[in-house]
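These are the structures in question, set out in turn.
In the two complexes below, chain A is the common chain; its partner is chain B in one and chain C in the other.
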Partner chain A sequence: MKSLYDLINRDLKIAFFTSSNFLFTGSFYILVVVLIPFIFGSDSEQLRVIFKGIIWISISLSILLTLERIFYSDYEDGSLDLILQRYNSLEIIICAKFIAHWIINCLPLIVILPFLSLLFQLSFSDIFPILINLVIGSTGMVFVATFVSALTLGAKRTIFLKGIILIPLLVPFIIFGVDPHSWPILIALSMMSFVISIYASSYGLRLYGE
Partner chain B sequence: MYLKLKKSYFDVLDRFTPFLVITTIISFIIGSYFALYGSPPDYIQGDSMRIMYVHVPSAWWALMSYSVLAVSCTIWFITRNPIFNLVAKSIAPIGAVFTLIALVTGSIWGKPTWGVWWVWDARLTSMLLLFFLYLAYIFLWQAISNKDLASKISAALAMIGFINVPIIKFSVDWWNTLHQPASISKFSSPSIDESMLVPLFIMAFASLCFLITMFSVRLRIEFIETRISRLRQKIYD
Partner chain C sequence: MKKLSINELKCFRGESLVLKGISAEINEGETYLIKGSNGSGKTTLLRVLSSLIKNYNGTILFDDKDIKDDLKFFQKFSFIGQKNALKENLSVSKNLKLWEILFGKKIDVNSLLQKYNLNTVIDKDISSLSDGQKKCLSLLKLKLCSVPIWYLDEPFVFLDSKNRSILVNEIESHNQSGGIAIITTNTELDYKSDGEIIL
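Now for the complex of A and B:
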């Protein structure tokens, strides 16, 4: 438990003191949402429908953009080797990455979403089912992103390749995420991807740890 | 990776390739005769449904090749025999091309039948996603320069993709029942007449022969490449 806490603490500190700050992630989401009226015009009835979809696009984009931050940046500066030596349980390392990455990437959107919805004249009761789905769905997406990141550690630095691998795996989350009544399926999917992700990421890390 | 890659396996392939080529050509000739002249045009769709004789087999074999890919990757995980990895690697582009053929012929057929090139139908969408699963597998092989590592990683990805295929199918079906506009009539005729079923099966057989021919050729190439890289490594050592 101590090592889990230490690893999360480390990742959060790195995120806080480098460019991957919470403020940056939050502003990214706000800017993606700001683009909507420029594209679709200012008709508020139409915007309200689009806004609910854009949330899912922005969260999958941000998951894709920060994919390399999960393991690759540690791998590149060599700290991943040290972590693998220091903490002998791979599962603890992976779980710490899940939690830290979710806090850095997905939590800002969940926090600012009620305020963003004010811009589109959506009340909190409208946004609440989306919020619940977003909490569950983004967790599952982080699980998927973690194992994709662990498996593609040795690949050349091509974010497009990782996108082609990642996005088909995210499709089920998005499909069930936009439907407000299908949160039980979303929970099932997230739990399944948690199990797969633990195995697949530890497989990937073990390959590169050698 | 230094398990046995026996040359004798591939001599068998060498010997069978001419027969496969001849069978492919003959069955394509017979099949296209029946498909174009020997079978009646459809009662409603007319001659445009004849594209089904290309479309349906390629969709079948596209799905089958993904199963072959995933199963051989799974067997590779258990036995660590590099042959299964070569099988998976050589069937991936063929499966991708078959998926593409199914998608393109499907949309060509959709234009006169539905009046549009593309409908966001459950089956079409999941085929499109299958195409990207194939692409991810192929690109991953190219992106990792260490071939030994690439084989391990792409095998893991193929297995995860195989778990994902039914999930995608299920979720896309779900999405489709929610959003499906009722006006589009789906192509669902469980009772195809025998006069159309026979050419369909001949064409399916022909495309299967084509698939196996391409597969054996590619498998030989992969085999030779592996041997070359091993020899090169021996020289360096």
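Now for the complex of A and C:
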């Protein structure tokens, strides 16, 4: 457990020290969501319908933009060798990356969502199921992003290629995420993604070492 | 006596046989150089010896234990690669805070940086340092844990003559306390080793 805590702490410290990068992702998400009411006008019914879709698209794009920070940045500067050397368990390294990445890139967006929903004239009872779905679905999306990041470690900065691989895998989360009654399916998808991610990410990290 | 025994080591990278049956015995207190031209497999050999590469044939024994079976082997060596494990957009002091987490100990920053006369750069971003300064910082990782084996990949690159002397003294001290050092190089070094592996 101490190893897991140390690795999460390290990633959180890096995010805190490089707060400009971290603020960029949050700003991108807020900007996308804030601009939509200006485009579609003040028809509250129309805004309620498109809000859920916009939230899921925004969080998918935020996860895509931060994909490099999961493993690639550590690989690029040699920190990944140091981490693999100091921590013998690939599973602990991967779980720490999941958790840290979710805390840094998804949790802040979930926290500000109720405030953004005011622009779309949504009440708390409208927002609550969206929040639940977002917590579950974003977790699954981060699992998927983690194994895409680990499996594409050898590829140099090709965010376009990684995006082509990642975005189709996020589509099931988006489809079920917009339906407030689909949270059991989202839980199943997230759990499946977790198991696949542990195996696939371990494989990717072993291939990197080879 | 703790020794590192390498027996008929073979390793493929892709479809090429990079390590072709390497054998060596390195006793405690010895330093071995791994020599070879570019692309001959020096870094691959170090990565195999440090368990970063696990797909190989042959055996590597340390203290009569196969490193593949020794779950605690990762606590017995320090690997200093050609990349420095430093975040370019952070300062020296912030990078050392990250190393405190990875090494699980509080670092006396001033005393550590004093080793290679780096106290004046403590608040500078890594990106503003010279390659030699970055290499010196990377080598400071050797002071953060007491381990019997040092794997050093091209450690003398970018170092000036003064810092080379400091590193040579460090390696000699490590040998005197029974440690093993394995160093890769593709240039002639003014350093007397106990043996060589030529690739």
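Note that the second predicted complex is superposed on the first by the 201 of 210 C-alpha atoms of A that agree within 3 Å, B and C clash if a C-alpha of one lies under 4 Å from a C-alpha of the other, contacts with A are read in each partner's own complex, and residues count from 1 in each chain.
Methods note: contacts are C-beta pairs under 8 Å (C-beta built on N, C-alpha and C of every residue); 3 or more make two chains touch, one makes a residue touch a chain.
Every value quoted in this text rests on a predicted model; they were computed, and no experiment measured them.
> Report for A:9: first if it touches chain B alone, second if chain C alone, otherwise both or neither.
So A:9 only meets chain C here.
> Now for A:152: first (chain B), second (chain C), both, or neither, which partner does it touch?
After superposing on A, A:152 lies in contact with chain B but is clear of chain C.
> Touching A:164, do we find chain B (first), chain C (second), both, or neither?
After superposing on A, A:164 lies in contact with chain B but is clear of chain C.
> Looking at A:123 after the superposition, I want to know if it touches chain B, chain C, both of them or none. Which is it: first, second, both, neither?
A:123 sits against neither chain B nor chain C.
> Just to be sure I read the superposition right, which of the two partners does A:204 touch: chain B = first, chain C = second, or both, or neither?
first
> Once the structures are superposed on A, label A:182 by its partner contacts, choosing first (chain B), second (chain C), both or neither.
So A:182 only meets chain B here.
> After superposition on the shared chain, which partner residues are touched by A:17: those of chain B (first), chain C (second), both, or neither?
It touches chain C, and chain B stays clear.
> Check whether A:46 is in contact with chain B, with chain C, with both or with neither, and answer first, second, both or neither.
Neither partner.
> Shared contact residues on chain A, chain B side and chain C side combined as an intersection?
Touching chain B and chain C on chain A: no residues.
> What residues of chain A sit close enough to touch chain C in their complex?
Residues in contact with chain C: 6, 9-10, 13-14, 17-18, 76-79, 81-88, 206, 209-210.
> Could you pull out which chain A residues touch chain B in their complex?
Against chain B, chain A makes touches at 147, 151-152, 154-156, 158, 161, 164-165, 167-169, 171-172, 175-176, 179, 182, 185, 189, 196, 200, 203-204, 207.
> Okay, in this complex, where on chain C does chain A touch?
13, 47, 50, 52-55, 71, 74, 77-79, 81-90, 94, 97-98, 101-104, 141
> Under the touch definition given earlier, write down the residues of chain B that touch chain A in their complex.
Residue list for chain B touching chain A: 129, 132-133, 135-136, 139-140, 143-146, 149-150, 152-153, 156-157, 160-161, 163-164, 167-168, 170-172, 174-175, 178.
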